[in-house]
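Structures given as structure tokens follow.
One chain, chain A, appears in both complexes that follow, with chain B as partner in the first and chain C in the second.
Presenting the complex of A and B:
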């Protein structure tokens, strides 16, 4: 089975302060760490599990700058066979639709039965790359996948809906699936495997090798701003002892304890 | 300006709340731009749904067919691409839900219509569309301008447009589905209901929510002890369930449970919108987080900006002293 996994290197912003840079359209990156986008790690793990079950090859592909090669090497260390970087530096600022078109132009010449992507990136947060890519490749898709298997050359898929409800589907291959977090337990790459992966060759593709001149954008980012406050929070300040005492006092006053 | 269309989302014979929010947003935009609002309903035995939508819009378009009974984005795409190519609405609105995320990008791409997803706000001026959406774990908002085009498609975040009442009288039309069979390449099999666990977090007056900030599974006992001291149950955000530290039925959020306790204490939770959707109905909300800019503070009544590992043991002591 031929599997393609699309991954993205993203700033890890969940637990740190994020500041807008001087252009007003980007963020200050010097104090942030970068790693594989969270749901993409689950997409890669699902590919490795499928390869272990059915055999085959995994190709990881990422549109990114040179640092992205570190992210691709981790994927190689975890079980991917081939890695492709599309040079982001050949393009200017891209929207999600352009990203999908660029991925399509690189993937359309490859052989594949299954394509996995993460269901959302934590930076741009569109949840659109995978489903758009499927449409451009003219293959079926399912998003937010929380259970995946293959039976009789068709995919047996469960999607996560709201409120814990699951949608069970049967989809023909080749097809694209966007993977939700929690579907599996992403493995860690061992040091030996990481060391071995540093010797593997990552194929680097430039814009001129994509056989497509124009990538239409759907939208332009005009400016970033700090979200307006919807509800005025009362911060309880002071030492830990003081803030905790204030909060306990509020609980008492409201009859909650 | 041509019309604004809203796709009605329903599941297991119930109209989903997002539909009324989409209708409220669509009505406002239609009024501001002297346009008309149309609701599009795909389903089977849709009479009850149509009855509830009639007063919301100027026009209702219905495809009532057995193959449209359950949502299947590929089936919907065939019917809607046919309808949109025929009707050419200026704007087509869909919910940013599991349903909308599966449908909109493929549908808009097929029709070559500019689209964007997860919009919190929409502005129309001179036939151009500007939206506000969130980036970087919800920590920043982005103003985004769509490529100028005669028609657009957007998905809207749940909870961004509180539903209002309306008393319009719609003209209702039944249309013939352009297809009569579900495509072989994607077949709906069934819905699988969530399994109930030992604790129902929706029934507790006090809920203590824990998130990524807890770092290690071994630290969970700290939260369990704290919850016990205040008489609450332990619930969580998505990363904790993804790590299997708590079962799925303890997850608060759009894909988990919606809770409305007297007191909700969010500990080490940054506040992704999916989580907020599940807890914003709590009477009193407290957030404890190291990052003062965490989106959770936007929803909280009281906040402590500090290390949870320092705060929780002391807060537990203070609560026990006051009891």
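Presenting the complex of A and C:
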């Protein structure tokens, strides 16, 4: 089975202070740590599990700058066979639609049965790359996948819906699946695979090699800002008894109890 | 490939080579005597087997984090991150081999490939971004000093007081930095602070294996020392002490570093601090690994305590000074979650409590946090106090 996994190198911002940069359209990245986008790590693990079950090859692909090769190398150490970087430095600022078109122009020349992507990136959070890419490649897709298997050369997939519902689908291949976090347990890389990954050659593709000149944009980023504080937090003071009584009073006042 | 039933491990030269490249060159000195294992704090945890003596041989065989099986590999990496870097093994080793350094060679590679515990990834991210492992804003680093009239450091002041991240931000630990600044003023010592320009010393992330970010933060600190013409530094944390003294020189730092207990004992000897109020309690002193075993500072903290009237100083017989057992916080241990019956802190607390002390005296914010937080869950009346806090009560 030929599997492609699209991954993204993202700044880790969940637990640290984030500041808007001088352009007003990005964040200061100097002191941030970068890693593989969280749901992409689950997408890669799902690919490795499928390869362990059915054999085949995994190709990881990422549109990013030179540092992205570190992220691709981590994927190689965790079980991918080949890695491709599309040079982000050949393009200007890209929206999600353009990113999907660029990925499509690189992927359309490859053989694949299954494409996995993460369901959302933790930086831009558009959630559109996987779905748009599937449409451009004219293949079926399923998003927010929480369970995946292959039976009789068709995908047996469960999707997570709101309200605790699960949708069970049978999908013909080739197809694309955006993977939800928690579907599996991403693995560590062993030292021998780390060693081998450091020696592997990552294929780098420039804009000229994509056989497509124009990538249409359909959105522009106007501004990135920290939302104004609408309500201040109220700290309840006094002894445990006093502050508990005040809290109970507030609950009663608001009709919560 | 290693068979489950086979006792024979196949040599993996590639892994051996990369581990030696990353600093595990001591492996060939090991002759498997086992002294490291019997002194290792994990040896006293009955329910978890941590055979320290095997790590040199396993590294020499290239059998570290080598498993092809996902879950076996997870267990191997968990083992690599169990080491608290206390160097009790190094202290006892006939050849002075540092098992923590051998394990750190593997950690460095694992960190570069995102293959280490998530809780430690978070520490690395926060130190890189916010210059402290708590994820607190840089601009609040000097908030503990509000209203205390502590000057910003300038070249006309003798000492820079470099607060540990915990004593800068944690409300409980701020009592240490406040006590320290009060005592330094009392002793007539001229000192200032760098406030938000101060970055974490980086000790913890170097031990975790994040070498590149350690070097980044250490160079930021060294550059500040140079720009502000800092020559002498006083620290609260033995971890800052050890790093500044033993590791920053490799990046060009030229500073003289003192632990606060050294300064305080000197002040008591000079008579600039006179403890005259009785502290009528039985106090047991716990030697922090980074102060005692790694830097031979055993007597100064004890002498400060001995100078306090009414204080009865107790010792953990058999497990004091260089044989002191780690609190479990070193090398990332502060942030690790091990099962309740697999915690080194419980071993050490049992030893300390068995002395019958009313107060456990520490000289390290990490030890203080480990002991105090654990005692809370034991409903114990025993207090944990820093040496500076006890001295302050006797003035």
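Definition applied: the second predicted complex is superposed on the first by the 233 of 257 C-alpha atoms of A that agree within 3 Å, B and C clash if a C-alpha of one lies under 4 Å from a C-alpha of the other, contacts with A are read in each partner's own complex, and residues count from 1 in each chain.
Criterion: a contact is a pair of C-beta atoms (placed from the backbone, for glycine too) under 8 Å apart; a residue touches a chain by one contact, two chains touch by 3 or more.
Here the structure is a predicted model, which means the values were calculated and not measured.
A.B. asks: Now for A:181: first (chain B), second (chain C), both, or neither, which partner does it touch?
C.D. replies: first
A.B. asks: Between chain B and chain C, point out the one touching more chain A residues.
C.D. replies: B
A.B. asks: Which partner does A:251 reach: the first (chain B), the second (chain C), both, or neither?
C.D. replies: first
A.B. asks: Touching A:201, do we find chain B (first), chain C (second), both, or neither?
C.D. replies: Once the two structures are laid over each other on A, A:201 reaches no partner at all.
A.B. asks: Check the residue A:16 against both partner chains and state whether it touches chain B (first), chain C (second), both, or neither.
C.D. replies: both
A.B. asks: Which holds for A:190: it touches chain B only (first), chain C only (second), both, or neither?
C.D. replies: second
A.B. asks: For A:132, is the partner it touches chain B (first), chain C (second), both, or none of the two (neither)?
C.D. replies: Once the two structures are laid over each other on A, A:132 reaches chain B alone.
A.B. asks: Could you tell me which stretches of chain A are touched by chain B in one complex and by chain C in the other?
C.D. replies: 15-17, 185
A.B. asks: For the complex, give me every residue of chain A touching chain B.
C.D. replies: That would be residues 11, 13-18, 20, 27, 96-97, 100, 119, 122-128, 131-132, 134-136, 140-144, 158-172, 175, 181-182, 185, 216-231, 233-236, 240-241, 243-245, 247-252, 254, 256-257 of chain A.
A.B. asks: What does chain B use to touch chain A in their complex?
C.D. replies: 11, 16, 71-74, 96-99, 101-102, 104-106, 109-110, 114-118, 130, 133-147, 184-194, 205-206, 212-213, 230-231, 238-239, 241-242, 244, 248-249, 251, 254-258, 262-263, 270, 284, 286-287, 290-293, 295, 297-306, 310-311, 314-315, 317-319, 321-323
A.B. asks: Give the list of chain C residues in touch with chain A in this complex.
C.D. replies: Chain C residues touching chain A: 12, 14-15, 18-19, 62, 64-68, 70, 73-74, 77, 106, 109-110, 112-116, 121-122, 124-126, 128-130, 135, 137-138, 213.
A.B. asks: In their complex, what parts of chain A are in touch with chain C?
C.D. replies: The touching residues are 12, 15-17, 31-33, 35-36, 70, 73-74, 77-78, 185, 187-192, 194-197.
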